[in-house]
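One structure coming up, written as structure tokens, with questions to follow.
The first chain written gets the first letter, and so on, giving A, B, C, D and E; residue counts start at 1 in each chain.
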Amino acid sequence: MARFIKDKTAAYGLAPGEAVFIGTKKVDVPSLHIIRYNAESLEELHPEDTHGLQKDQGKDLISWINIYGVHDTGIIQSLAEDYRLHPLVVEDIVNTGQRPKMESYDDQLFFVLKMMHYNEKENRIYSEQLSIVLGKHYVLTFQERPGDVFQPLRNRLRKKIGRIRHEGADYLAYSLLDAVVDNYILLVERVGEKIEDLEEALLDNPGKNTLTEINNYKREMNYLRKSIRPAKEFILQLSRLETELFQGSTRPFLKDLLDIATQALESVDTYRIMLTDHLDIYNSSISNRLNEIMKVLTIFSAIFIPLTFIAGVYGTNFVHMPELQWTFAYPLFWAVLLIVALLMIRFFKRKKWL
Amino acid sequence: MARFIKDKTAAYGLAPGEAVFIGTKKVDVPSLHIIRYNAESLEELHPEDTHGLQKDQGKDLISWINIYGVHDTGIIQSLAEDYRLHPLVVEDIVNTGQRPKMESYDDQLFFVLKMMHYNEKENRIYSEQLSIVLGKHYVLTFQERPGDVFQPLRNRLRKKIGRIRHEGADYLAYSLLDAVVDNYILLVERVGEKIEDLEEALLDNPGKNTLTEINNYKREMNYLRKSIRPAKEFILQLSRLETELFQGSTRPFLKDLLDIATQALESVDTYRIMLTDHLDIYNSSISNRLNEIMKVLTIFSAIFIPLTFIAGVYGTNFVHMPELQWTFAYPLFWAVLLIVALLMIRFFKRKKWL
Amino acid sequence: MARFIKDKTAAYGLAPGEAVFIGTKKVDVPSLHIIRYNAESLEELHPEDTHGLQKDQGKDLISWINIYGVHDTGIIQSLAEDYRLHPLVVEDIVNTGQRPKMESYDDQLFFVLKMMHYNEKENRIYSEQLSIVLGKHYVLTFQERPGDVFQPLRNRLRKKIGRIRHEGADYLAYSLLDAVVDNYILLVERVGEKIEDLEEALLDNPGKNTLTEINNYKREMNYLRKSIRPAKEFILQLSRLETELFQGSTRPFLKDLLDIATQALESVDTYRIMLTDHLDIYNSSISNRLNEIMKVLTIFSAIFIPLTFIAGVYGTNFVHMPELQWTFAYPLFWAVLLIVALLMIRFFKRKKWL
Amino acid sequence: MARFIKDKTAAYGLAPGEAVFIGTKKVDVPSLHIIRYNAESLEELHPEDTHGLQKDQGKDLISWINIYGVHDTGIIQSLAEDYRLHPLVVEDIVNTGQRPKMESYDDQLFFVLKMMHYNEKENRIYSEQLSIVLGKHYVLTFQERPGDVFQPLRNRLRKKIGRIRHEGADYLAYSLLDAVVDNYILLVERVGEKIEDLEEALLDNPGKNTLTEINNYKREMNYLRKSIRPAKEFILQLSRLETELFQGSTRPFLKDLLDIATQALESVDTYRIMLTDHLDIYNSSISNRLNEIMKVLTIFSAIFIPLTFIAGVYGTNFVHMPELQWTFAYPLFWAVLLIVALLMIRFFKRKKWL
Amino acid sequence: MARFIKDKTAAYGLAPGEAVFIGTKKVDVPSLHIIRYNAESLEELHPEDTHGLQKDQGKDLISWINIYGVHDTGIIQSLAEDYRLHPLVVEDIVNTGQRPKMESYDDQLFFVLKMMHYNEKENRIYSEQLSIVLGKHYVLTFQERPGDVFQPLRNRLRKKIGRIRHEGADYLAYSLLDAVVDNYILLVERVGEKIEDLEEALLDNPGKNTLTEINNYKREMNYLRKSIRPAKEFILQLSRLETELFQGSTRPFLKDLLDIATQALESVDTYRIMLTDHLDIYNSSISNRLNEIMKVLTIFSAIFIPLTFIAGVYGTNFVHMPELQWTFAYPLFWAVLLIVALLMIRFFKRKKWL
């Protein structure tokens, strides 16, 4: 199955805005996790279904409703009705092959992002779609399965660390984006370290393994770039967007977020350039090696082939070969061989092959 | 015949706006298909000719007039008169070598697109020109031959699925564009999967076949790009265009369409980069192989050429060769051969060739 | 002589605006051709000199004054005085090494273009400078020699085909530009077809000829690009220019012209990319071949060199070589040779070289 | 450890704006250095801690407070409180993996830069983060360790050279930026000289060392670019920024600074292109060498292998070999060998290999 | 010494605006040359020093003050005082490592350019810094040494050719820029011609010389580009600059100048692309050659190695070798050799190697 583009066959021909799950089902039963907080109090809920979530909410509490598992389009739909999500938003949430993007609706901002983790053993990056809906007093997040990069954020919420409990839903949304983008930096750093380490092998011992590794890292860097570049783009847009959903005090944080995303993207590009350079050096190294090999072959051949020929001459069975009878013919023969060999060696020394 | 640019010889020197069919005739007799609908009713017609199509139309019905076969410029002309198409529009409809584009006229929008399908057997993408004219209450579509990507759309119309029957001609036009662009994604996905699968062959068994395949996919990706890039461009333009022909409620759908087109284009570019990377790896792999081959040759030559020389020396017929008479000369001779061989092997082990 | 930049030594150090012919003289005596027309009448003149051309002209006639041969700066100067051309315009007309461009003067537009034709035998594109001056009621064209792409246009004028006789001088200027740009498409198509045909040779029989051809087409495509790109640029400018010289009704035609120029340029770029891909494939193909050659060499060497060595051993003249006396020594010897050969073959089969 | 991106694991999951030192601790105890000056007087202080720095300051003095060592977040925090630094500024100061940037706060400008020095022995560039905070009457600088490029600037301050004592804090900040950017030029010049010197070795004696060097310089140039490009970007921004912190008279100096930064960046890019060209030439040179080597091998082999074969023929022990008995067989044999050798030499001369 | 970036060590740490000569001293004593003119009269002076130059000047005369030699910062300084040059301008004049640029001061425009000449023998381009200051009634030019591209301009001034004597200082400044940029075209043409001539050698006789030449031209083209690109940039700026220093009538000339600069830059880029293509073709040609060489080697080896082996077999001294006694053994032996040889030849013919 193509990894760089999701199979959309299931959704082909459907009306736009129709919700059909696209992707690989990563969890059996979707689960809900809700945190409601303000500066004074915080409560966590794990309801079975989404009924009455909206009505329940007091206006002075910020709600973070998180759903693991987006293959059950029913739950998504009922949530969509409660929060009046646009049909295209619902379609994007369940179609996990989205390009990262931001959409602005009347009183909501909608983000699609890729959350990535690196499987060191397989040397492969896996990604999962994260959809975020930001409203005036709530944030909805949709993930493909449990396990995410938001655990430290939840702890900050629970333990009242930093300013998060004193800020609005916009700061929560920013914090979510920040956690994802920070994770990109960590990822790039982990893969980047390995790429930088490759350098030595290139020059000293370039083999098929090195080639396989360069190839792998190139592919993974392209994979990373595909998710990070559009994310950076929409963060740039967001930092310039005139919206009431983001307060003035959150603005500098968006700019900081943009810096981090830019750094992640630039690092990916630096590593891509480095890998191209690595491959160039690898090829040059291989060519160098070939020259070395060919020099050895040529030197051996050029020295011994003439000698063998001379020996061959005196191995002929001509009846009249006066040299054969000479008393010192044999030592002389060796002397000739030696001289020829030395001449050849001198020739190669002059060519600086030896 | 050049595939990446259409032969325009037939139209050469003609006045601009003059309609001459350019391309390969793909159907014998053009055929018409008309759907007229509103939220309540829908009728389908297959008239023989285009007479009176315009007058017939009630103002509260949306008409979709589809023509298969554009080589009969007569029919196109008569339709053009009824719907007051600009001469340049008519020229573009029958000249199937157009670059995808959008033109805005007083009360019409004109689109040219490529509809593509992938012939897996020939590993080749074929394209067909689709021209769309959007008016206030009608959409005209011109295709080169029957068979298109609009069947699911027609079903949605007939079965009243989704919002299409409740919307205007603009939504119909959007749906047509959406069907074409969605099809691009499917196409890229099908070819892309094969490109990703190539990777293994590159490193393990790089042969002439792999090269042919890389070459084919490169060509096809360039072919795709040539059609998708201008399409994406005009969709961007369209999403920003201030026109009365598109209602406010259709706008978010245009933005969604732009996202899909962007994704298609980016995927094509990702695969083009991947193919370039593939070729690089292929070349490195081939160089690696050459080194392996040369090592084998060199090792064999370097070991046996000196041995052969020594054997040659004792094959000479010098009368005075004291060694030949020695009792243990022959075993000694073998010992020398063995030592030389072992020394050579050690030499190559040190060089890490063995 | 440099082909990609014209030798300007003759003009070096002259005052700007001074008219000195630069280029190769392509015709002996300049000749004039004048067409004056309106919707009702048309007359053609071939005057000897340019005296009184301006005064002669009735205000309701459009004049197209065409000059073949720009090396006679005298004629150009006298025409320049009659039509009050800016000195820099005159300089550009006679200096045939101009980059295609558009200049806007008070009541005139000035265009410089390259008219190109392809010499199939030499596989080389030749270009000629075409300068166009558009005034309210006249168009002046300056060519380096007789023979151009305007014959169909003249026929349309004479036979009243299309709208040209009903339109102003702006439409005539547009038609001239259109003829030149249409010709680019034809040219690209003719060369492009050959480039596409190269593909097969690359993989099956890559030789020095293929290389020469790739090189030639690359050079010619660069040559084409050098003329087409600035032309496309100024057509874009023109289509946006606010000028009274172009009427509203001619505007859509300019946009169409821009489309054609864009298509020409994009096709050139597509073919340039294709040629680069071709060269890559060519190189990979050559490397592949080298591997094939080396495999053959290595297999032959590796099989026969050990055999030769064994034969050499039993060709030595040691007195005490017990094997030589054995009855079945000779068949045994052959058996050993055979076994060694088979082992080598097996070795190469395992390596998948055979 | 990755050098092209800093390990941010320590800060992972922290609240934005929280100050955690990231990097390698380069000094044990942070030290403070304060210069307070106006046109008339100047005093230098080395206080132990940061208490009361702010209050102390007379309004008519410019303060430059420099801190070596940013791992002690306590000192930074207390300074931050005195000067009301934004939490994100503090985070950026102690997190030494920042991308160079400028941030504009209400009454402060914040800059992050890389100060670089080149270790010639290791052929490696080391960088250190420099953070600058510019307020109305003060400049704060944060460095990772003692030793910087500001010594000449301090001398100019002490000795009243140039206009610095007569200008405000903005000119001091500009002078700091200028010192850093000037140092980039010096650095590029030192590495660039070596890159230009490589050229000769490429063509005459391309070996593994040359390859290692090209690789090193490529890496270092990428490293330089990573720091210089964003610096140039923010200097451009700064030169256009509408801020009260920079007076009109300092503006031309900012433009000059931008010129220098642009020159540094362009030189880096020129050298990167040069290195790519170097590698291309290197590879061509290596290929050329291989051809030379193979010619030698082929010539030797092609001359002696046939000769050896002929000698082999007359070494056979057939009973009936009439040639062997001929009186002049042996000289004739030599004559044949000679003729064959001469023919081969002629063959290679014709091929222009000799 | 680095050629692509000037050694600025001498100026390191100096206050901005401080004038220190940077570069190689190219003349011993600076010399002055002054031309004062209006439409009626012209006088030329060669004063020893710069005293009283300013006061002397009548308001209705245009002064062109030219200085050869900028290492004597004293003279520059005194001139700077007379004409109130900004300190940064003075710094730029004496620091000859400037990037070409334009600076706009209150009533002055300041240009820095590179004047280049091509030493055909060394195949190397040398450059010299030219600084131009344009005021209302005067133009100051600073060159590194006598000998420039302005001789034709001086003659036009002296002999009243063209409009120069009737125009203001702005036209003089334009004429100076024009002379420099015209010279770029000549330079590119001279080098370009040689680059185009290389093509033949690439395919027919690719050797080390060709490689050296490609490398040289690449370096020189990069060198040219480094000076021409920023020049073109500032000419573009200048043509758009709203300044009272340039009159309306000079504007079209600036546009013309921009055209020439653009053409120079595009030609440089075309030649750079051509050189890259040349190198590609060169490499392919070298690979082709290697294949040829290896084919020769392989054919020789593969034919003679088996033959030698067969001869070796019948050179063995086995006592029981029945073939040796056969009467026709020897002719038969030759027949076998011949057949083997013919089979090999056929094998290679089938492979299309022969």
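The criterion applied here is as follows: contacts are C-beta pairs under 8 Å (C-beta built on N, C-alpha and C of every residue); 3 or more make two chains touch, one makes a residue touch a chain.
Keep in mind the model is a prediction, meaning the values are calculated, not measured.
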item	value
Chains touching both subunit A and subunit C	B
Chain-contact steps, minimal, separating subunit D from subunit B	2
Same-residue or different-residue interface between subunit D and subunit E, half as cut-off	different
Centroid spacing, where centroids are CA-atom means, of subunit A and subunit B in whole angstrom	26
Inter-centroid spacing, subunit D versus subunit C (mean Cα positions, whole Å)	41
In subunit C, residues with contacts to at least two other chains	283, 287, 290, 294, 297, 301, 305, 308, 312, 315-317, 321
Topology of the chain contact graph, where touching chains are joined (line, ring, star, complete, other)	ring
Order around the closed ring of chains, commencing at subunit A, then subunit B	A, B, C, E, D
Subunit D partner contacts - residues on subunit A that touch it in the complex	151-153, 155-156, 161-164, 174-175, 178-179, 182-183, 185-186, 188-189, 192-193, 196, 199, 202-203, 252-253, 255-256, 259, 262-263, 266-267, 270-271, 273-274, 277, 280-281, 283-285, 287-288, 290-291, 294-295, 297-298, 301-302, 305-306, 308-309, 312-313, 315-322, 351-353
In the complex, subunit E residues that touch subunit D	1-9, 12-18, 86, 88, 98-99, 101, 103, 105, 205, 207-208, 211-212, 214-215, 218-219, 222, 226, 279, 282-283, 286-287, 289-290, 293-294, 296-297, 300-301, 304-305, 307-308, 311-312, 314-317, 321, 323-330, 333, 337
